[in-house]
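The next block holds one structure in the form of structure tokens; read it before the comments.
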Amino acid sequence: MLKIKEKAIEGFLIFCSLVTVFTTLGIIIVLATETIGFFKQVSFIEFFTGTEWTPLFANKKFGILPLVCGTLLTTLIAISVALPLGLTIAIYLNEYAHQKFTAIVKPVLEILAAVPTVVYGFFALTFVTPLLQSFIPNLSGFNALSAGLVMGVMIIPYISSLSEDALRAVPKSLREAAYGMGSTKLQTAFRVMVPAASSGIVVSVILAISRAIGETMIVAVAAGQEPKLTFNPLTSVETITTYIVQVSMGDVPRNSLEYSTIFSAGMALFIFTFVLNNISFWIKKKFQQRYE
Amino acid sequence: MSSSQKNKLKNLIFKGFAIACTSVGLIVLVVLLYVVFSQGLSRIDFDFLNNLPSRNAERAGIYTALLGMVWVLVLTVLISFPIGMGAGIYLQEYGKKNFFNNFIEVNISNLAGVPSIIYGILGLELFGRLLGLGNSILAGSLTLSLLILPLIIVSTREAIKAVPPSLREASYGLGATKWQTVWHVVLPSAFGGIMTGLILAISRAIGETAPLIVVGALVYVPFVPESPMDEFTVLPIQIFNWVTRPQAGFVTNAAAAIIILLTFTFMMNGIAVIIRNRYNKRTKF
Amino acid sequence: MELRLLSETDTTKELSFKEVMKLEARNVNLYYGEKHALKNISMGIEANTVTAFIGPSGCGKSTFLRCFNRMNDLIDHVRITGDILIDGRNVYKSKIDVDEHRKKIGMVFQKPNPFPKSIYENVVYGLKINGVRDKHILDETVERSLKQAALWEEVKDDLKKSALSLSGGQQQRLCIARAMAVEPSVILMDEPASALDPISTSKIEDLIYELKSKYTIVIVTHNMQQAARISDKTAFFYLGELIEYNQTVTMFTNPHKEQTQNYITGRFG
């Protein structure tokens, strides 16, 4: 009797684990089937190389490049903020900081990571943009810069905590060798620790980029809804994620071509983040062995 | 300046720069809270909490958004906790090092990195269309459950991993079965860590906007949901709606709603941290 | 510290062919993956005796001990050949339920491992997982076991106290009480006193001597004086092999093998 109960429980637990597998299968199947339907009506060439994205207008164009551009632009701005700040913080925490300092900084970073993104969007739109407008006069109300900057702050914890882990994993002996030769903390940090932890730091950056690409609310609120093929951060753009939200909120009929753009855009997004994530896993696995 | 003097100077400059960097995070947080509170605090009164949304900014309230949030939260907890904990227990206590389990682990890592809006797309088709749940609370909860599942699984595993093997040995030595050992020894010891993880996952779910929008949570819900099959909205979506309206009154409303949302979020995170600290202190094996 | 010479005061039974050994091993080999950890071990242990396994670190004595209650099953990539019999029944071959089997054998580990529960809950754990709910039986068992483990007087006033608040020696006696609560016939002890102070150690040694009349005890120990003090027979292991197995008195005064001699006199190990 007990044995049956044991087996039944184990069966339930295995089922729970399989839910995750079904989730991945579900995502792939849902995206793939609708995307295939989409490509029956829109050519690959138009999708991948077209420079206009207007599925909801009368004159429908299905070139995804403007959306990709918007995503890349905001991501670039975000990373250019998050990388230097995040890495510096990680180095400082690892090499210089005292207990008290760490005890304040760590919670602050945790809080930054916990704030809901729609709040950041609000902040970007109602505070950052007007602030920037006061010294950049031709900044439009919706723009990539505000959204990118705020997104960058949001991502700092990603880079700082993962990089800090990577730095901490470097064997003490390396650090001691550097100090033993009279290096300053700065020299030790940049000439010895960072290179030694480089694979872990690269992983953290890739994952942060992936996070930025997938971010929706900050850009949906503050970056605008006009797909443009531009690298001008002062104008409004639309990211892949914003577009998906835009269509979902509208009255697009279920089985229409416009509806299926949710999935083709989603597929593009999924592939970007999937590739980035797996590159980072691969790097982590390949270079982690060095210090095992 | 000699070379070593130059080095020491560089060191000092870097220290200053680093403190500046760290301050950026702190400053942004403080400014954000200030902006939100200064704009929204005055707007919060009983009416605000109790009113239905309205096209008139002064009369609009977050009542339906709050209720929707509670509904979604409760259902998400009921769905995701058992499954997430079950998977975590299986992978950590039962799983052997074979291809199957390794594959599941890699899969979970991938799922953790999938943008939340993609979960919304999955929910839209799978729960909304295929299972016919439409844009109901149930569809939204199922979607959010899938979203936070990797978080729950990872934190459950970490908490279980921290239980010393010697306790398991004692239990097996007395002839307990695997499940008895898990239930009577491992889980009680891992309880604090698991709780922390669950609360953090829920705190994350509260703030999610995009997946629910895609699933079809409405942006304007002037009625109170009464069953899991009803349409709904949640606080973040209400905020999103108000932020995008041009009238100044709505921006104030958005700020006020953000205060409520942040209060919930920080409260949950705070509880999680307290549990984590107490648990770490108690279990010094 | 005096060596208690057991052979003068205890009667050691002559083994007749018809008698069934309490514990028996026949040609036992154990492999951790590629590593041949136990090499062709054969021995028999009589009921109501104390047997000591001695040998340098890594010689396989703990591994062999754990074969008797199949604790090695918990480790990946372990392969066992040969026979292990308890009361004449083959522990690895016949269709026995491992969990049931373990209930008949008590085990005490090197580092005390009480559950982070109350003293009471620790002792009744074995009963509760067997479905025993009757409070009378549980209370009775707790008192009996704690008395047997010589811990009752020290804790009887507050059984609800956390087990982790006890001292190391008390925790180990609690673990012994816990093991005895399910009334096994065999108790396996894996260096039970090595993590304890001398006074606790001495208390536990006294305990083992007392328990001999009711249980068959096998104890792995690093401490040769301990082995000499409390055991009837001693087995010396080295590099996975059973080098010599004999009456304790003989082992320590007149060992047959040179390796045994070298180990006991401290030439190595």
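By letter and in written order, the chains are A, B and C; residue numbering begins at 1 in each of them.
Criterion: a contact is a pair of C-beta atoms (placed from the backbone, for glycine too) under 8 Å apart; a residue touches a chain by one contact, two chains touch by 3 or more.
Note that the structure is predicted; figures quoted are calculated from it, not measured.
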Exercise for the section: Find the chain most remote from subunit C, comparing centres computed as mean CA coordinates. Expected result: A
Handout entry: Chain nearest the overall Cα centroid
Key = B
Exercise for the section: Would you kindly tell me how far, in whole Å, the mean C-alpha position of subunit B lies from that of subunit A? Expected result: 17
Completion exercise
Here the gap between subunit A and subunit C, centre to centre from mean Cα coordinates and rounded to Å, is 57
Exercise for the section: Could you grab the centroid distance between subunit B and subunit C? Build each centroid from C-alpha atoms only and quote it in angstrom. Expected result: 49
Handout entry: Residues within subunit C bordering two or more other chains
Key = none
Fill in the blank from the handout: By the touch definition above, subunit B meets two or more other chains at residues 177
Handout entry: Parts of subunit A lying in touch with subunit B, wherever the complex brings them together
Key = 2, 5-6, 9-10, 12-21, 23-24, 26-27, 30-31, 34, 84-85, 88-89, 91-92, 96, 105, 107-112, 114-123, 125-127, 150, 153, 156, 184-187, 207, 210-211, 213-217, 220-221, 241, 244-245, 248-249, 254, 262-263, 266, 269-270, 273-274, 277-278, 281
Exercise for the section: Would you pull the subunit B residues touching subunit A in the complex into a rising list? Expected result: 7-8, 10-11, 14-15, 17-19, 21-22, 24-26, 28-29, 31-32, 35-36, 39, 82-87, 89-91, 94-95, 103-104, 106-111, 113-122, 124-126, 129, 146, 149-150, 153, 177-179, 203-204, 206-210, 213-214, 216, 219, 236, 239-240, 243-244, 251, 254-255, 258, 261-262, 265-266, 269, 273
Practice task
Please give the residue numbers of subunit C that touch subunit B in the complex, ascending.
Solution key: 69, 71, 74, 76, 99-104, 106-107, 109, 111, 113-117, 125-126, 128-130, 175, 178-179, 182
Exercise for the section: Please name which positions on subunit B make contact with subunit C in the complex. Expected result: 96-97, 164, 166-177, 180, 184-185, 188-189, 283, 285
